[in-house]
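Two complexes come next, and they have one chain in common, chain A, joined by chain B in the first and chain C in the second.
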Partner chain A sequence: MSDPASDFALGSLLLALLGGAMRVSTPFLFVSLGECITETAGRINLGLEGILVFGAMSGYGVSYLTGSPWLGILAAGCCGTLFGLLHGVLCSLPKVNDIAVGIALMLFGTGLAFFLGKPLIQPQAPMLPPLNLGGWSDDPQVRSALRINVLLPIGLVLAFVLQWALVSTRAGLVLRLVGDNAAAARALGYPVVPIRIAATAAGGFLAGVGGAFLSLYYPGSWNEGLSSGQGLMAVALVIFARWNPVRCALAALLFGAAGALGPALQSQGITSGYYLFNAAPYVLTLALMAASCTPGRILAGAPGELSLGNR
Partner chain B sequence: MKSAWQLAAPFAPVSAAIVAAALLFALFLLVQGAAPLQALELVIQGAFGSAFAWQNTLSRAAPIMLTALCVALPARAGLVIIGGEGALALGALAAAMVPVVGAGWPAYPVLALMALAGFAAGGAWMALVAWLRHARGMNETISSLLLAYIGIALFNFLVEGALRDPASLNKPSTPPIGELYAIGPMPGFDVHWGLAWGLVVCALAWLVMRHTVFGFSVGVAGGNPRAAQMAGLPVGMLLIASCFLGGGCAGLAGMLEVAAVHGSANASLLAGYGYAGILVSFASRHHPLGIIAGAILVGGIGASGSLLQRRLDLPDAATLVLQGTLFLALLAFETLNRKGLRRV
Partner chain C sequence: MSQSNRPFNRRDALRMLGAGGAAAAAQMLPFGIGNVLAAGKLTVGVLYVGPRDDFGYNQAQAQAAAIIKQMPGVKVVEEEKVPETVAVQKSIEAMINQDGASLIFATSFGYFDPHVLKMAAKYPNVRFAHCGGLWTQGKHPANVASYFGYIDECEYLDGMAAAAASKTKKLGFIAAKPIPQVLRNINAFLLGARAVDPKATVRVIFTGDWALPVKEAEAANSLIDQGVDVLTCHVDSPKVVVQIAERRGIYSCGYHASQAALAPKGYLTGAEWDWQTPYTSLVKAAMEGKPMVNFLRGGLKEGFVKPSAFGPAVSAEARAKSTAVKDKMVKGEFVIFKGPLNDNTGKVAIASGVSHAQQDPVLEDMKYLVDGVIGQV
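Our next item is the complex of A and B:
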């Protein structure tokens, strides 16, 4: 028999980790699904980080002004769509590099969000209501761990729907064709550039929704330090998930757990090394990517037109 | 000889982009209800309008020149590196440790060691990116950014933990480097010597990358890795070397910020110079001499922020919006250029 006190601490640590993973992973989930759509069409949008921050700001602002967090989510998605359109159109100009435009968009979206969001730092906007799945339990820790947001199940369902759509629908096949071989798509009469712009816009919508989750549920306020690179990590996550939406969802949960490690340990009274534990998701991404990449070979499942592959 | 038009042609899209960005920024301010013309005037005044403004601009431009090289040198090898902020942080930390170890040594050797330590730390961090690219086939843009976050976390962890000066109560810092080892202003000009370092390093980078066999080999490895391999060039080593040099420059920027501005390594070092460097390098098409002009422009925009804040009551993020607009416009107008962005 082991010491019951340490058992209890480990149990509550795992519970905190589980609850944290479900909270932290939702923005990863939405941004990575969005990036998955964009990259399947053959473009990379590194600007999702900027869209995420702008989505957080606009979602919070609209929720504050209208009193409805759902309208906030919608507004964030629409702003994200506009940014996605901007990226898509700019990258359609000849000789414009999509990675560079992404970095510019990151700067632009973040700057714009900070500028317009100045008056939103003080007021409290209505939050998204939680979904209590832990009502059956008397343990307050279990209840708090299982108090999730409705966006999480929506995102998980979306991942399966996307997976099905990419494999079994006409639209999904066209999207993959455009991303794999633009010349073949053009020969079959599909408009490559408009499809890519639409895919980037759709990716922007999901990234905006992911950002609104940050400001409207967890951490649940608007400030300039809200995002810690979730938008960029989502890009790495999509590569790690090999452009497969369901694997994106699993990877998002894994990243969420890694991101929840720092706060979960802190709730257990372990505060030393706080910064190192916060870096856990980055280290995890790096390690997983290094382990899953193979030198000298195109990544399995990578869209052929993507400028991210190997040489 | 090139004709005047040929010489001027590369600058036409840049000028057009600057004008377009200014117009868009003015339009944005108009929608916001601020005075657009006055704001543009204040940007110019705050950046280049007085001796004080020039000093502020150039002090900001110095580190940006070096962090831009962290993008430009690997770009020559065909790599898109965006993690200069991490190399800057670790370079600053390594440099700040030298006076702690070598307290009491004469000033010049210590400064040289500080520069060396900063360069080596930043360079090693970025060389890791190139190694991951070469040995594991990992995308360098993503890995450099992840390593930047890890580097910054490491920096915060050490500055608030093992390397913290117990006397720094409110603001965790490493022990102060002391007056003796601080880099002072240049004579007759209230800008620290870091500006001269930045200019010299940019010129050196230009010489090495454009006029040596090494620079040429890096360009070949970046332009056509297969051809480079066929010609017997050590492609992997060239990638790693270009990243080491680039990361070293960013580390040097961190060392300068410690020695000339902050006097110790602390969180206020991380003011976004690494990210500004990405903008500058892309805007100047990764040309080491163009970077000087770009860094002065971006440094100027940053320097005008406080004036905009004071006179027009605009949020400090106004300069970020202007930078972002400028960056987007520069890239969009790249389409008018006869050469593509990647071919340096």
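Our next item is the complex of A and C:
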């Protein structure tokens, strides 16, 4: 480690990881924040993967047709809201399991996106503009690592706002109450079912926006392999972030960095075992899950009404 | 279960009764004769593993399908996104029985064994053309053909253009999996680059699969961060890699089809398939009832591959050098893989004095990266 060449390589690797975290984490961030709201209200929406893909398709399509990527983001969010509403309403019917509906929604969303997205593979839609935060540096690597999208800071701020809202506002308290004990919420006169539907719809909105990031910024085109399971990983991320929005944001950044590890090492000539490094995000998921699952408090912090545990 | 395993099931029998004695007899005869009876009409079925307009592998095949569509008497039925599962067999059967297809193009590598082989045995009077498979005399049915191209010739030309345009002399190659076809392309790219600048190096990133857009984007960005200023790739859709290269202001070489429209400034040239050559020859043979050529291979000379037109960033000098080598290739006078050649672990890959011409089967089993490539198989 003493010679300057390897020190430089380490610094450059850390920069590459930072850059990866900045680039890749946004969809994880939005989907996990959305799922955080939904799960706090006591529902699990596994369909976010489908919403993510549909959001990517609709955002790209609207951006292409109108010429405005911001309208694309809005459209993706609105489509996500509709899917969220669908999930919320279906799960409010008697004897309907939210996990099963979520899986159905995932298949429906991806299938519909592939079907409607056929004519969008070829054309190029206008992209979201980047924010250059690295203008102060002469190092091109620093500049590229700090060239971020405005959705990332919005997402990070949203995480803190959500955290504050859940803990310190009346609305947040009601949401948590509905998720923790529906009977108590009903006794206090809160409409449990409409609140849950609204929470699922809000979750869908954020997942749709996350999808639009994929097609409108990074990697920045619509094709059918775009998501490759990121929506599902974001749902898992909520569980080990313990339903805490700020921890969701940290976990999303960590996932982004882990995903950048494989390509970053290979580009520096460290090429042995690249299959292992490419698997880093999944290994990390398993490791964090194992580490956070101490016996006795497996689902500590889980909303009581979630169909995860058997309380 | 036993019913479907019988070589001659009830459905076949009913079809033959309905078709009448003459047609039934024609069906029993070896392939070819049935097509002559169809009086110059031919229905061709084409199966793709992905979307037809992916700027890549499937688009290259679809462009050839669009050309045979123009031939008189030819009707083309296509199906996209057919996964490499038993779905292949279902799609092929539907094309044969419902659309009357008598020539099938199965364009994805994984369709060959067992799907195409099974269908070929079940429908001996239908012709099957498969892209990339190794058809073997005696082992595989006579109504199956394999077509593929020596695209490493174009990769060599890409490497020459890349090294000429590069300032850092660091080139990047984003590849899906370390299989012989891919390694051959990487090595040819490096050898072309070294022919222009002996100090040029190629950094390789393997993403692990054929279509992983986020990982491809990440690979492109980290290579650019390491000072790479020309990128090329061997993945199903080079769209993402070429777009990122353009956005970050570096050069790119394309693959499969032309991506010039995606990078008007930085696109140097590219290695494209020209599948219309094998497609038209296979369709003609089927229409004329001639026996099938089972093993079609070719490079620039035979018109199976072609380079993309040069982009504005390629200098006149680089164009002249590349064109000179291309002319030699077209004449069949140029050998890419010849000794002495070391691999990048220092072992001898090709001994001095040995040269492997394009058709040499040794090359279809390449397992090394040559000296100058930074990466590991």
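Here is the rule we go by: the second predicted complex is superposed on the first by the 294 of 311 C-alpha atoms of A that agree within 3 Å, B and C clash if a C-alpha of one lies under 4 Å from a C-alpha of the other, contacts with A are read in each partner's own complex, and residues count from 1 in each chain.
Heads up, the rule we're going with is that contacts are C-beta pairs under 8 Å (C-beta built on N, C-alpha and C of every residue); 3 or more make two chains touch, one makes a residue touch a chain.
Owing to the predicted nature of the structure, the values given are computational and were not obtained by experimental measurement.
Between chain B and chain C, B contacts the larger number of chain A residues.
By the touch criterion defined above, A:Q266 lies against chain C but remains apart from chain B after alignment on the C-alpha atoms of chain A. Looking at the shared chain after the overlay, A:Q230 reaches chain C, while chain B stays out of its contact range.
In the superposition on chain A, A:S168 contacts neither chain B nor chain C. Once chain A of one complex is fitted onto chain A of the other, the partner contacts of A:F108 are limited to chain B, with no touch recorded for chain C.
In the superposed pair of complexes, A:A290 makes contact with chain B only, with no contact to chain C. Comparing the two complexes, residues 114, 118, 228, 272, 274-275, 278 of chain A contact chain B in one case and chain C in the other.
Contact residues of chain A toward chain B in the complex are 46, 50, 86, 90, 93-97, 99-101, 103-105, 107-112, 114-115, 118, 228-229, 232-233, 235-236, 239, 272-276, 278-279, 282-283, 285-286, 289-290, 293-297, 299, 308, 310-311.
Per the touch definition, chain A reaches chain C in the complex via residues 12, 15-16, 19-20, 23-24, 114, 118, 121-122, 124, 140-141, 144-145, 214, 218-221, 223-226, 228, 230, 259-260, 262-264, 266-269, 271-272, 274-275, 278.
Chain C meets chain A in the complex at residues 50-51, 53-55, 81, 172, 203-208, 211-219, 221-226, 228, 237, 239-240, 243-244, 247-248, 262, 374-376.
Residue ranges of chain B in contact with chain A, taken from their complex: 78, 80, 82, 132, 134-139, 141-143, 145-147, 149-150, 153-154, 156-157, 160-161, 225-226, 275, 278-279, 282, 314-315, 317-325, 327-328, 330-332, 334-335, 337, 340-342.
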